[in-house]
Amino acid sequence: MSLGRRLCAEALGTALLLAAVVGSGIMGERLAGGNVAIALLANSIATGAALVVLILVLAPVSGAHFNPVVTVASLFSRAISRLEAFSYIGVQIAGALAGVALAHAMFGEPLFAASLKARAGLGQWVSEAVATFGLLLVIAGCSRHGVRTTAAAVGLYIAAAYWFTSSTSFANPAVTVARAFTDTFSGIRPVDAPAFIAAQCVGGLLALAAAWYLFAVPSRDSSPP
Amino acid sequence: MSLGRRLCAEALGTALLLAAVVGSGIMGERLAGGNVAIALLANSIATGAALVVLILVLAPVSGAHFNPVVTVASLFSRAISRLEAFSYIGVQIAGALAGVALAHAMFGEPLFAASLKARAGLGQWVSEAVATFGLLLVIAGCSRHGVRTTAAAVGLYIAAAYWFTSSTSFANPAVTVARAFTDTFSGIRPVDAPAFIAAQCVGGLLALAAAWYLFAVPSRDSSPP
Amino acid sequence: MSLGRRLCAEALGTALLLAAVVGSGIMGERLAGGNVAIALLANSIATGAALVVLILVLAPVSGAHFNPVVTVASLFSRAISRLEAFSYIGVQIAGALAGVALAHAMFGEPLFAASLKARAGLGQWVSEAVATFGLLLVIAGCSRHGVRTTAAAVGLYIAAAYWFTSSTSFANPAVTVARAFTDTFSGIRPVDAPAFIAAQCVGGLLALAAAWYLFAVPSRDSSPP
Amino acid sequence: MSLGRRLCAEALGTALLLAAVVGSGIMGERLAGGNVAIALLANSIATGAALVVLILVLAPVSGAHFNPVVTVASLFSRAISRLEAFSYIGVQIAGALAGVALAHAMFGEPLFAASLKARAGLGQWVSEAVATFGLLLVIAGCSRHGVRTTAAAVGLYIAAAYWFTSSTSFANPAVTVARAFTDTFSGIRPVDAPAFIAAQCVGGLLALAAAWYLFAVPSRDSSPP
């Protein structure tokens, strides 16, 4: 696979992921008549289902990271080079922003808007660390089962984590940056984004340690660290 | 497989798909007490589940297109002949109309009724292009995983796309024509159908280009373009 | 497998299926605060999930029919003998009744009660024929995919059919008889049961014809008719 | 696998399971606006999805018991030694308590609180016996299908059993002990816990007998009893 094609897959996949997250949040909130649980149910099911599909379709091209923390973990395990990692992260962020604009275009919102939704506090930061820890552990632990099982597991995990974390489980710095630019159901105030991202990094590091101990590999491939 | 048997599978599958879409929409709306999100949750889960099952059962017979855009993509990739494609599209539309009548018979509605539900505007047209783009990309990208994974991916994709597009993701010209004939939850005014179909064609063409670049094949088989 | 063990599996599986159908109906209705769509969402998800699991677990023992129409279809295809078929149907009905009593015991209801819930009319009878037609077509069409796919397909099909039929898709004479003995969410008046069963038989016969034409086998095995 | 690594997997898996159960219960109740069915829908979907993922990820390390009844069944079938079984049960309980504290930390609750939620009565005790009976039968019956199918089946089973039992299907003594320490949606009064655990043991024993008769093995491996 050429790097161009892989970067295209990462950008497209992250864009469609954000379109699914933001779009289903808007639809859920508009239709739910004020019942936030019903909106989140729709949002979590749509996000989980979209993730399964995007990983199935794009993993054979780029590995379907869609997430800088996953890319950095791949870098640590030497599955990709530093240049590739930086390129992946760049297109993930660009793709995520494009996905937000696409969702807004579909729902007649201005293409970008700074979110006013406060998401902060110790509980939410612990949540982001836990959510990212779990996500990376799932990816590392499922590698032996193959891409189809990994896709299913990641989708199920995120759908569940929307509910069992108080932050609704962003677990992804590119997603966090992009969701700062939507003033809808799934948004986060720009000022709250850095702490989320820091917590995600902490969770990711803890996951690498746990995966190294539990599965004897630091990440999704078995090359020596 | 004889062409007669394949056309029978396409007609039956598209009919049952429409019965599922229209029937679950009626049931959801009647029971949801005015909460549209709950009705759409039922509608999207039932549609996604029905799609998975219909593809599993009928793909070995006809390929389980159920969708003129998918059939045209097969024609472009030379997987089927022009005569077969025209026949497929004909029975898809006939089957879709029969499925609407079947749903109406089950729920005590007149067999056909022109829809009064307005579905128009730039946001919804962008949505239909995105929805169809995604659907064809999923089919092309999953071909390497086999029919069972493709069935699961298409069902999950459509269930998600009901929520992340403002049009609730028709993504299928035969479905669009048929849904113009139901004045229930899932209907679309006949006057709004052509723009939806045009947007679906645009999305389909974009998907062929993307699949050609990403997967090096224009559609679901690997014959040279 | 001895016949005793197979009959035990059929009885146990049908009992647990009915416990799932009736129990989740009671729980859904008690908690849903009058919103019938939410109760049916819980009821349909729980029933579909239970079906998948029961088929996975018991199909290797008895074939996991749990349904006289499925057993008769097996008889037509000479997969089982007439004596076995009669025995299967007997324990299916006995198991179904035991499952209703078990659900009632779990929820503090009298063990049996005649249902007062009217379920009748042409639309519902058409629904039962369609539901049973689809169920048998799914079983016949999935046989080539193996038991795990069949289990998933049957569960998804029934969860969808709860919504796209006006009768909520009994599709099973043993289930119909047993549900006449519960005066809760999933009940049916005893006087309405015979017409449901007749419609199910019509749907089953139509499915055998369709499967014979589409898949060139009348039922789930490939022995000559 | 060293025992240390296996115990770590059991502790971590049980902790994350409890975090999912308790956390999604809190989130569901906070957002559902008083509609308990919607809260339980979120709670059951999140729990089932988390179980599938945790079993997929950790079964290759420790067997993914997360449940003293499952561990005792393994002991009966001589799949593990007495020392291993005692160690497993110890870390399951410790992990479960840690998971409750983690959920509370994420949602800003005090780390531990005695539950005030009454869960008692014959119907609920029958429910716990049925729920545990079914769980062990599912594990025994799915062993021939491999770990991926077992994971899916256990998750689907528990999601369904939340609805078809009046106790919402604890089916796990370690989970029961831990849920006595949360005064939120998923809690149980400490005084009610022992009867639940006793009922679970009864259901587990019945399942061993049924599995021995139906599958000719007392538990998940085929070593002689």
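Order of writing sets the labels: A, B, C and D. Residues in every chain begin at 1.
In this section, a residue touches a chain if its C-beta (ideal position, glycine included) is under 8 Å from a C-beta of that chain, and two chains touch if they have at least 3 such contacts.
All values derive from a computational prediction rather than experimental measurement.
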| item | value |
| --- | --- |
| Chain hops separating subunit C from subunit A, counting only touching neighbours | 2 |
| Each chain counted as touching subunit A and subunit B at once | none |
| Most remote chain, CA-based centroid, reference being subunit A | C |
| Chain copies touching (subunit A, subunit D) - same or different residues, decided at half shared | different |
| Mean-CA-position distance for subunit C and subunit B (Å) | 28 |
| CA centroid of subunit B to CA centroid of subunit D, Å | 40 |
| Residues within subunit B bordering two or more other chains | 35, 38, 41, 45 |
| Topology of the chain contact graph, where touching chains are joined (line, ring, star, complete, other) | ring |
| Contact footprint of subunit A on subunit D as seen in their complex | 5, 8-9, 12, 16, 19-24, 27-28, 31-33, 35, 38-39, 41-43, 45-47, 49-50, 52-53, 56-58, 60-61, 102-103, 105-108, 148, 155 |
| Residues on subunit D engaged by subunit C in the complex (per definition of touch) | 34-38, 40-41, 45, 48, 121-124, 126-127, 130, 134, 137-138, 141-142, 144-145, 149, 152-153, 156-157, 159-160, 162-167, 210, 213-215 |
